[in-house]
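These notes are about the structure you will find just below.
Read from first to last, the chains carry the letters A, B, C and D; within each, the first residue is number 1.
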Amino acid sequence: MSPVLFWAFTLLMLAFGASVVLNRNPVASALSLVGSFLCLAALFVGLDAFFIAVIQVLVYAGAVMVLFLFIIMLLDLKAEQRRRFNPVALVGGAAVSGAFVAFLLHVLKSFPAGSQAFPNLGVERLDDVRLVGFALFNHFNLPFQTVGVLVLVASIGVVVLSRRELK
Amino acid sequence: MEFLPWLILLSPLASAACILLFAHRSKALSVSLSLAAVLTALGATLALLASGPQTLASSIDWIHLGSALHLTIGLKVDALTRVMLLVVTGIGALVHIYSTVYMAEDEGKSRFFGSLSLFMFSMLGIVLADSLTMIFIFWELVGVSSFLLIGHWFTKESAAKAANKAFLTNRIGDFGFMSGILLVWAATGAVGFDAVQQNMAKLTANPALLTLAALCLFCGAVGKSAQVPLHVWLPDAMEGPTPVSALIHAATMVAAGVYMLARLFFLFAPSPDALTVIAAIGVVTALLAALMATQQDDIKRILAYSTLSQLGFMVAAIGCQAPGSAMFHLFTHAFFKALLFLGAGAVIHGLHHEQDIWKMGGLRKTMPKTFLTFAIGTLALTGAPFLAGFFSKDAILLAAYNKGPLFFFPLLLSAVLTAFYMTRLVVVAFFGEAYHPTGHGHPKDHGHDGPAAMTVPLLILAVLSVIAGYGFFAEPIFGHDLFHTAHSLATFSASGVLEYVDAPHVALVPMLAVGAFVLGTLGAWMLYSGKPKDPVRIPLFANRFYIDEAYAALIAGSQEMLASVSDWLDRYLIDGVLVRGIAGLTWGTGYALRLLQLGNIQGYAFIFGAGVVVLLFLLNK
Amino acid sequence: MLTTLLLVPIVTAIALLLGFGNRSWAKASALVQLALTLFVWSGYDQTQGGYQFVSSTEPLFAGLDLRFSLGVDGFSLLMLLLTGLVTVAAVWMSPKIEKRSNLFDGSVLLISAGAAGAFLAKDVFFMYAFHELALIPTFLLIGYWGSGERQNVAWKVTIFLAVGSIVLLAGLVDLYLAIPVALRSFDLQKLQEVAAQHVIPATAQVRPWLLLTAGFGILISLFPFHSWAAPAYASAPTPVAMLHSGVLKKFGLYGIIRLVVPFLPEAFKQPVWGNCTAQDLLLALLLCNILYIGLVTIAQRKLDYVIGYSSVMHMGYVFLGIASMNLIGLSGACLLMFSHGLSVAALFAVSGAIREREGSLNFERLGGAAKAVPYLAICFALATFASIGLPGFSNFASETLVFFGGFQTGASSFLKTSTILALWGVVISAVYMLRAYKAVFLGERTASAAKWSDLDGSARFALAALPLALLVAGFFPQYFLGYIKPTLEAALR
Amino acid sequence: MQTLTLNHYLLASGLLFSLGCAGVMLRRNIITIFMCLELMLNAANLSLVAFSRFHVGADGLPNYNAQVLVFFIITVAAAEVAVGLAVIVALYRARQTTHVEDLQSLKF
């Protein structure tokens, strides 16, 4: 994947991320989130992780964001009116994320492996889905089953939580 | 013959136990039980005396812990024990007979006779004891029985308080006694009298320890025989019924201290300064008590102080290295003092519990028998020539004269005072006209002699107090050597053996004694005959030198203050600081940590983030 | 035989807790326990000494010589006799309970079973476990049926004793680890042999000594840790006060004599702080116990507080006996544990009875009770004279032994002076006990005292058994010392 | 534009993560916070995939363990969103607000 594409998608992703954070209107931020997911999927494709890219688009952009939008519609949220913001939280939050970024740069500078280019693959056509499936159902079969159970539990939880008490 | 001492000791115990366990419901049974016990004891003593002067000894194990400690309950009968046995059982029997009448209508009668038997048991235990620990055991038992007997009418607040005071003062004396025993045992490794006497060398090697141990043991005697520092309990002990005062606070119990000093004289003899301390305390007690007695109005209190003073004489005699004369004086004093007390009891019984001498008067006519015996007792006590008191007091004055003027003259002065206050009592109570409460009109029915059971003991005691001083009577009981020692000084020779050397006979001393008697009697006669009211008031003596108040303020007050300070300390310092402090600490930390629950989600997120950052920073450093 | 002795109270307690039966069950179980104890007492062969009637299971955990084994030797037999006597008196003297009286009796029996178990156990683990069993019902009983501000007293007692048990556990573990691996065992008999070989070097003995003394000290209300004792006994219902002050407190001393004395004898000489040796520290603490708490007792104005503080004060004497570390002192300490248990139990029984009749125990409202309740007055008088060390009672015999122990040749000068100071404590105890006796029983009778009913029926014999036992032990201490001697000689080897 | 290295992707993922983190800490609407949370999760996925592609095994294939982990993350994220939103709905129905500062009931 050419560096130009990488930078384009990365900047686009960060822009969408920033708009999620800064946007007043929840629907707008939800949609910009979708945008950032799609750019991310593109990056995955750049990294030859096609199955994950598709899953990303399918699950995240498709299911999760839909759920978000559905909830936003259900709760009929208006754009937030300006509340007095308390400066301490602002400074605190900015400081912590700034610290993360500074730390990240510091680490990357001294990370030897980071500066090597990606080794190219031994095989030119990568049937990615079969390989992921193979790894998933052989080495990670137990975690796979537990995740299945987790999802079941989550759905039951959701049903219980959102049941309206029968007055 | 071996069983006799055990019989003497155990019969009163048996009667006390029976009364306590099941006889206390029927009064007659308990009276007869305790009377039988004391009579068997008297019989056994007489049998023992008749059997001649050999010493008996037998003991059973009490605590036996290998070689380290061997405490026994053992009985030892020698000349000294014989004297005391006669005194204790003799007077005990007379008092028992006397109190059958005196306590006739008292509802706590069975309890009274129970504690009387208990007292007899413990007193006989002291007399027969053969080791320091055994004498200590019965020392405390005597303390308890005097507590029970003084506090017999416990519903009276003053009686209960007096009983407590008596027990506690004795207890302070016992504290000294026990420390003395521990010191002696630590040094000599033995507790029996003979065993200690054998390894006296270990004690005499270290004179400072010897003096300390001797003075500690003397502490016990001070407590029990009510010498100066610890004398405050005896006058208050008069709260008890009169037979009790006669038996315990005149003849036997208070004499236990003197008997113990005489028994342990081999311990005191080698340390001269212990003896001087003992003599000094004896003299001070004698003088002080005599002074106090001159101003008392209650008949029993006068006799109580007179007992104190006579005890001072005996302790002074011991201090002047004349244990024999101390025992001789104890022997005679027991009889006439018991007589005086019982006489006083008869007077009180006759006048329906009237104890103030100024409210008596002219009893000579209404109570002839009591007056006669009382007069004999007074003469014997004040040292009238040819009566018992004269001989024994003369021996003590001789020993004191030998010791030094500082001891002789105070004793002589107290002899004068003794004559003075006793004659004052007799004159005011028995002579003059009958007391008119309103000054005119018919005097209330003025006393009558008690029934036979009261007057017979008085007569017997009167006879005894006349003849007790003479050799023909004392010798068979004393055994020749003891009577001889009654008039001699004991010195502790270098070879560690006690010798009795005849005190240098100075003709001056008996004459001075007679002079003292005459001076005191005439002085009191002139001053008091025919006076309705006490002509001379000396508040200092009347209030007993304010010693009681000083003690109350000093000891009781400081103890209360100390107690409340420590209670405050315990409640606020230890309980407050230590316990509440730690509890408070935990509560405080809990409170501080609670502040972490900010409530808003951002706060939590921030804390997570900050935590991660700090962690990263620390890990990466 | 011993398992039945242990099971009887436990089974009855559980039955009662579940609601079956009534107080007569509790009385029956107490009597059976006492009868069995007397049977074992007579069956015990005194000359042979050592552990008899031993019964034990296989080691419960691999690698640890830890078994559920019961066994009894002279010393624990004496303590069992004490437990039996006090339990009988406690059950008979417990007040009428309206609501849930089964729960009350069941918990009382549990306390007694815990104490009996602690003395029966031949295994350190179960000795400790049974003691803990006895502590749990105490909280319930004081909290629910106590008097005065019982809730926070119940909390205070439980926290104090829990902390004490924890410190004690730390000490036990420390001691267990100090023993070389090959010789390690939980069995008391084996431990006795191991201790005789003095396996722990002197310097290494100081820490376990401090921990164990602190742990046991808290359970026994040694000086700095004493503030839980008096309020607990004062506001506890009668049987709990009797069992706790009379029997459970002796577990701490039993533990010290079983573990600290044989294993850590040199620790007493080791310097603990500057040049003050451990013995000096212990002596200083117990002197505070005797003199300081003695003074505090004088200041008390309520009967149950006086008795509570006096039981704290008498612990000083037992510690003095232990601190002297010789046969005389120790046998004095053991006998004093037995006699103090009985005398303090009798005192609490009478004070509980008076509280049941009068409602309050402070001296202003009482007076002249001897006329109204003569039997109680006699029992209280006997117990009072026993506790102030009157000859004829075994308290005096044991205190004499303790004082002689303190003065044995070779005793350090501080030990001698502290013995003399402790001797002064006898005077202090006479002061406050007689003051209490006078305030409650002598003097004019208060109006309310007139309508009291005296003790009657079988309770008379249950209560009278305590002073009677004191008298028997007082007249014939040698018989009881014979039981204790082999244990102590083994401990001092 | 030099050739792509691992650092690039890690940088992108780091930035996205801190962006999400800032969002969580700054915004006061629960839904938005929730979205930023998803952002942070995706940043993690990115770095995982980058590493999976970076570690090429002997057989020339990327190391698929990381990708399987990403797969699990996505499933868990999905379950989490579902339950989270249910909670938010219940919360809204109870308090009629999604504003974080109104929900202070756990305050000390």
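The rule is short, and it goes like this: a residue touches a chain if its C-beta (ideal position, glycine included) is under 8 Å from a C-beta of that chain, and two chains touch if they have at least 3 such contacts.
Values in this document were obtained by computation on a predicted structure and should not be read as measured data.
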{"item": "Result of counting contacting C-beta pairs for A-D and B-C, higher pair", "value": "A-D"}
{"item": "Centre-to-centre distance between chain C and chain B (centres being mean Cα positions), rounded to whole Å", "value": "37"}
{"item": "Centre-to-centre distance between chain D and chain A (centres being mean Cα positions), rounded to whole Å", "value": "5"}
{"item": "Inter-centroid spacing, chain D versus chain B (mean Cα positions, whole Å)", "value": "97"}
{"item": "Gap in Å, rounded to a whole number, between the CA centres of chain D and chain C", "value": "65"}
{"item": "Per-residue multi-chain contacts in chain A, two or more chains", "value": "89, 92-93, 96-97, 100"}
{"item": "Shared-contact residues (touching 2 or more other chains) in chain B", "value": "602, 605-606, 609"}
{"item": "All touching chain pairs, where touch follows the definition stated at the start", "value": "A-B, A-D, B-C, B-D"}
{"item": "Touching residues on chain C, where the partner in the complex is chain B", "value": "156, 160, 224, 226-228, 292-293, 295-300, 326-328, 331, 368, 370-371, 378, 385, 389-392, 396-397, 400-401, 403-404, 406-409, 411, 416, 419-420, 423-424, 426-427, 430-431, 434-435, 438, 441-445, 477-478, 481, 485"}
{"item": "Partner chain B, residues of chain D touching it in the complex", "value": "21, 24-26, 28, 30, 33, 100-101, 103-108"}
{"item": "Complex contacts: residues of chain B adjacent to chain D", "value": "594-602, 605-606, 609"}
{"item": "In the complex, chain A residues that touch chain B", "value": "89, 92-93, 96-97, 99-100, 103, 106-107"}
{"item": "Residue ranges of chain A in contact with chain D within the complex", "value": "1-4, 6-7, 10, 13-14, 17-18, 20-21, 26, 29-30, 33, 36-37, 40, 43-44, 47-49, 51-52, 55-56, 59-60, 63-64, 67-68, 71-72, 74-75, 77, 80, 83, 85, 89-90, 92-94, 96-98, 100-101, 104-105, 108, 111, 113-123, 126, 131-132, 134-136, 139-140, 143, 147, 150-151, 153-155, 157-158, 161-162, 164"}
